[in-house]
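There are two complexes below, and they share subunit A, which is joined by subunit B in the first and by subunit C in the second.
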Partner chain A sequence: MFDIQLMGLLNATLQAATLLFIAALGELITEKSGILNLGVEGMISIGAVTGFITAVNTGNIFLSVLVGILSASLFSSLHAFVTIILKQDQTVSGLILTILGLSLSALMGKQYVGKKLPVKIESLGNIDEPTNIIEVFISQNYIFYLSIFLMISTAYLLKKTMFGRRLEAVGEDSRAADSMGLNVNKTQFIATCVGGGLSGLAGVYLTLSYVPYWTDNMTSGRGWIALALVIFGGWKPYRTAIGALLFGFLEALVPRLQTYGFELSPYLVKITPYAITIIILVVLTIYKGGRTGAPSNIGIPFFRESR
Partner chain B sequence: MNKYLLSKKIVINELSTFYSFLIGLSIGIGIGSIILLTQGQNPIEVFSLMLRLSVGSVKSISTSLNKAIPLILAGLGISIINSVKLWNIGAEGQIFMGGIALNFLYINTEISSPNLMIVYLLITSFIGGAVCILFPAIAKVLFGVNEIITTLLFNYIIIGLTIYLVNGPWKDPGSLNFPAATYVGKEVYLPTVFGRLSYGFIICFLCTIGVHYLKEKSVFGYELRISGGSALTAIYAGINAKQKAFIAMLIGGGLAGLAGGVELLSQTHRVSTGLSQGFGYTAIIVAAITGMRPFGIFLVGSLFGALTIGGSVIQTMGVSSYIADVIQATTLFGALIAQFFFTYKIIKVSEDV
Partner chain C sequence: MRRRWAVGLILISILTMACGGAASVDEYKAAFVYVGPADDGGWSQAHDVGRQYLVEQTGIQTEYTALVPEDATEFRTVAEAYIEQGYNIIFGTTFGYIDAMAEMAEEYPDVIFLHCSGYLNNDTNFANYFGKMYQPRYLSGLAAGAMTDSNKIGYVAAFPIPEVIRGINAFAAGVNEVNPDATVEVVWTFTWFGPEAETQAANALLETGADVLAQHQDSAATGLAAEAAGAKWISYNTAYGQDSAPEAFVTAPVWDWGPYYVDIVESIIDGTFTTESYWGGMETGLVSLYDLSSDVPSETATLIAEKTEAIINGTLEVAIVEEEFISNVIGTVNP
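Presenting the complex of A and B:
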């Protein structure tokens, strides 16, 4: 019995972490290029609702995932257009993107509130109550495995490939990158849209697997946690994954605390990950003398002629 | 081959932010109309109802302006912090903290004179907001920790604290469905000026003038601008830039806290998760879209109050209130896009040399 409970906690942790991690990974790629996109919450919502609508209407999981990713990516190109091409403030544009994403998705999903999904995302094995760790991993669906693949490939992409080096060059010193002949605007645009696409994937995971139904404002702050995770992880994929597991663990733990007989207030437990993130951020900044791993050019628009 | 470069215009029209807002608003209304049409509604009918119910009578105007108060106060705070080129994303949390601090004083003191008590309560809410930004401010000036992230994270901590308080120590046993703290007594309600307009609006107007004076006319405002502009200039001028930034952050957080205090004493009358409905986030946008000008914040904040009220009343027609949010967001995006054309010119450069 104890095993089943523990495995249930592990299972819930992995599911919550998957969602947070995918969105955080997208934001990480965007921020690496020097673009801060505070609209993660809105992009997840767009991906979540479009994926859900497609799934209800077509019953095709692959198509739903694709639609969710593409629509969130298209949506994030609005932020890219306003901040990269038109050089407007990234903080403001990102916040507006959040408001627009949440309200637009609520309007689109109005007729789909309470609808049941005809399909679900397959997993390796169908196990309702896993009793050991292997079974927990087997019972995860394909998006979980995809997120592991994305983690490894993004880490490789950032460190070992030309695309990663270009991204870093643009994010660290866009003027130097420009004088080396890199197309700063294009690189940033692509990074922003890739980030949006991954947020969309997180959204699809939310409505097709994690919850699975659609209702207004169902992202409930997960986009903001994803933003915090990027900092927690010091703009590194593996450390971000550890952060996602920690936040996922706490998200899974809170509703279970009472069944374990703890007297701790669940409301206070819920704020600990944020407090931990702040402390880690401060400690990292002091320890590394101001270098937290943040791209130097983050939030600063690039002007070609200001060379 | 021709290339296009951007160049900042040397002379920027003083009223450009206002024009961009109007252009944005027409784009927002246009897109809103399309959405209304797809939902089978008559846009003209809906918009005229929105207009009538948000600014059509003394009662509705005062309701709209009441909604604008927290936006304007928090927006003013954000604009002060932005004069040292820092962002405060934590206004939402500071609004809640203002309410929490106010309620804390209220339940722990005896009331002798209600009027004096209101003043004390509002000062406490200001201090509450300032305390809420204290940690991000210290972390910023001492260690250089990114304030966007710390202020943002504090929102979650403070909202978490609010949820804890209204479900635990401060829980009103009479409020069953919606967890909230006990109401404050009627004697400390903010009185109304006319209609439903609370005295908060007077406070709000005075703060606007005060912040305008502080930012534009005072020595302190000048020092803030220099500190935000260039670290070296600040050193040459003998200005302690870090100290100025620290004070600016505390004042800015305090104003957001005051927004929470006014909102509690005039509207909600108790601490609950409904104390702020995203005012802190909207305030950032209001402040930014007006180029951080205090009177602009006052004007655009009032318009946003009306838009919010208009959005909530069209629900009675069976129109989703989210349409108002979409109009708001598209207005802002439209204004940002329009702003581009007021601040930059596009130059065609020939690369064949």
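Presenting the complex of A and C:
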């Protein structure tokens, strides 16, 4: 009765998961430093549109990816400036970043809606219809492999290196970190811009490979899922990756449910990631006294002078 | 003194207008409001080609605004700006503008509102117009039925509303006529222009083994997916899709709004305009099937030519089914 194409589902799951994971990893790094950036949706859009525009005009894929990363990173420095230098509210600034990013990308991309992309991010092996799991993995593009590398290296950076220790110290207790001689502002600024750059990478993955097209609101809520994913993953790269696979699977499932012959509302499936995140938060509150793994200092501006 | 002059001028101009008989084209300015980009290669572009034809034929001054969401406030903002600039004919070319247009027609009795694909009108200045797109969709079904090897045809559908459902049924009826073994599988995307959702839906259908895809949306995303998978594609709206996916492109049920736009604007100018609902079929040229690609078998091409002839001279009526899907369609009308 139910006719399920497993390889197609797996392929779509990996594609959706890659985008979510890269954006979530960026936000994870930012949040580790104690800065909450709700502007993920806006940053992905900026990366997506600048990458797309560069690709249409130059046809150079490497340059396009680079432009996408750098412009989203530059865009996120706005959040860093407002929250770290001016010490303003992080929630408000992040929300503004989302709204601004969506509108700005719509404005910038107005001439590029529906334009055909001359190039695409290459994949390792050119396989049209993967028939087994290995072929599905080989047919992914380079950013997929890059995201695996980023996952491993971020996990290593956070746990094993001085940089990770410092980042964690700043995010857990900025005052103590300051007393120890760490430059809190600088660390937070760098973490925010790295997070923005990764959102930009997620953006170019979207428009230069996953859906080779540009139109307003291309991101369609993925930034918010990435934010939920950070909570789901307990601020740990590997758990975030597992969460990305789960949420990516749900995303891949939405259009396919209809072809499988299930009578399940696509709307229900679409809210599932958020519902799961809420359930996890509730469970953690009940069983672990609310210790979700969030950095203690998140969202709190650091004033050196106040005691 | 100056004011008296102004009053005098206005009086004179009113008198000349009243006595002048038929009005001239200079007194009218037409504004078009599109839901998608004017060069989307689809629905909105078809309207924009019609607008350009209108300008060529009548010399009327026109302007357009693209990418206006289907939202009452958004439409109103755009339309009011045009009215302030003296535009007195407003074309709204997507279903979602319906409520805003109905309200504004009451507020601005001197402006004529023409709504595409709607069902509301009034007695004076608000009319609606549409075409019998299900007729060429039936013809495109004949081509799809002949082109499929897997006997699985995918249909990337927009919203479950009567217009879309009758299109799917007419298409499936065409498929059934040439290939009773083939089925038409439907996936809803809930978009008019959503390349992402359409790519996903097209891929989902291709994975089930579909080797011909048809669509109702305004982007070429379905065609790009079909091209990448080596499948065939029935486009929609305009033939511009063939540039996006030249290998996949088979044909497209297309719009030609130009002649209708000329007729309606001329009727407004010479005072014969009525607010009747206009629903043009293939006999008017408003809707048609675009030239078939060379890989369509010649006997199918002959059959399509015969059926086209029969629809135009009225001997063949394509059935309108909007309540449920006919038997060779897989999917639900209430997703």
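One rule holds for everything that comes next: the second predicted complex is superposed on the first by the 302 of 307 C-alpha atoms of A that agree within 3 Å, B and C clash if a C-alpha of one lies under 4 Å from a C-alpha of the other, contacts with A are read in each partner's own complex, and residues count from 1 in each chain.
The rule is simple: a contact is a pair of C-beta atoms (placed from the backbone, for glycine too) under 8 Å apart; a residue touches a chain by one contact, two chains touch by 3 or more.
These numbers come from a predicted model, not from an experiment.
In the superposition on chain A, contact of A:A12 is made with subunit C only, not with subunit B.
Of the two partner chains, subunit C is the only one touched by A:Y213; subunit B is not. After overlaying the two complexes on the shared chain, residue contacts for A:E122 are found with neither subunit B nor subunit C.
In the superposition on chain A, A:P255 makes contact with subunit C only, not with subunit B. Among subunit B and subunit C, the chain that touches a larger number of residues in subunit A is B. Once the two complexes are laid over each other on the shared chain, residue contacts for A:K110 go to subunit B and to subunit C alike. Within the superposed three-chain model, A:A275 lies in touch with subunit B and out of touch with subunit C [touch as defined at top].
In the superposition on chain A, contact of A:I96 is made with subunit B only, not with subunit C.
Touching of subunit A by both subunit B and subunit C, each in its own complex, is seen for residues 110, 216, 265. Partner subunit A is touched in their complex by these residues of subunit C: 36-37, 39-41, 67, 185-190, 193-197, 199-201, 203-208, 219-221, 224, 228-230, 243-244, 330-332, 335.
Those residues of subunit A whose C-beta lies close enough to touch subunit B in the complex are 36, 38, 78, 82, 86-89, 91-93, 95-100, 102-104, 106-107, 110, 216, 221, 224, 227-228, 231, 265, 267-268, 270-271, 274-275, 277-278, 281-282, 285-286, 290, 292, 294, 299, 303-305. Put simply, subunit B touches subunit A in their complex at residues 5-7, 35, 39, 87, 89, 135, 139, 143-146, 148-150, 152-157, 160-161, 163-164, 167-168, 278, 281-282, 284-285, 288-289, 320, 322-323, 325-326, 328-330, 332-333, 336-337, 339-340, 344. By the touch criterion stated above, subunit A contacts subunit C in their complex at residues 3, 5, 7-9, 12, 110, 113-114, 116, 128-129, 211-213, 215-216, 218, 220, 252, 254-256, 258-259, 261, 263, 265-266.
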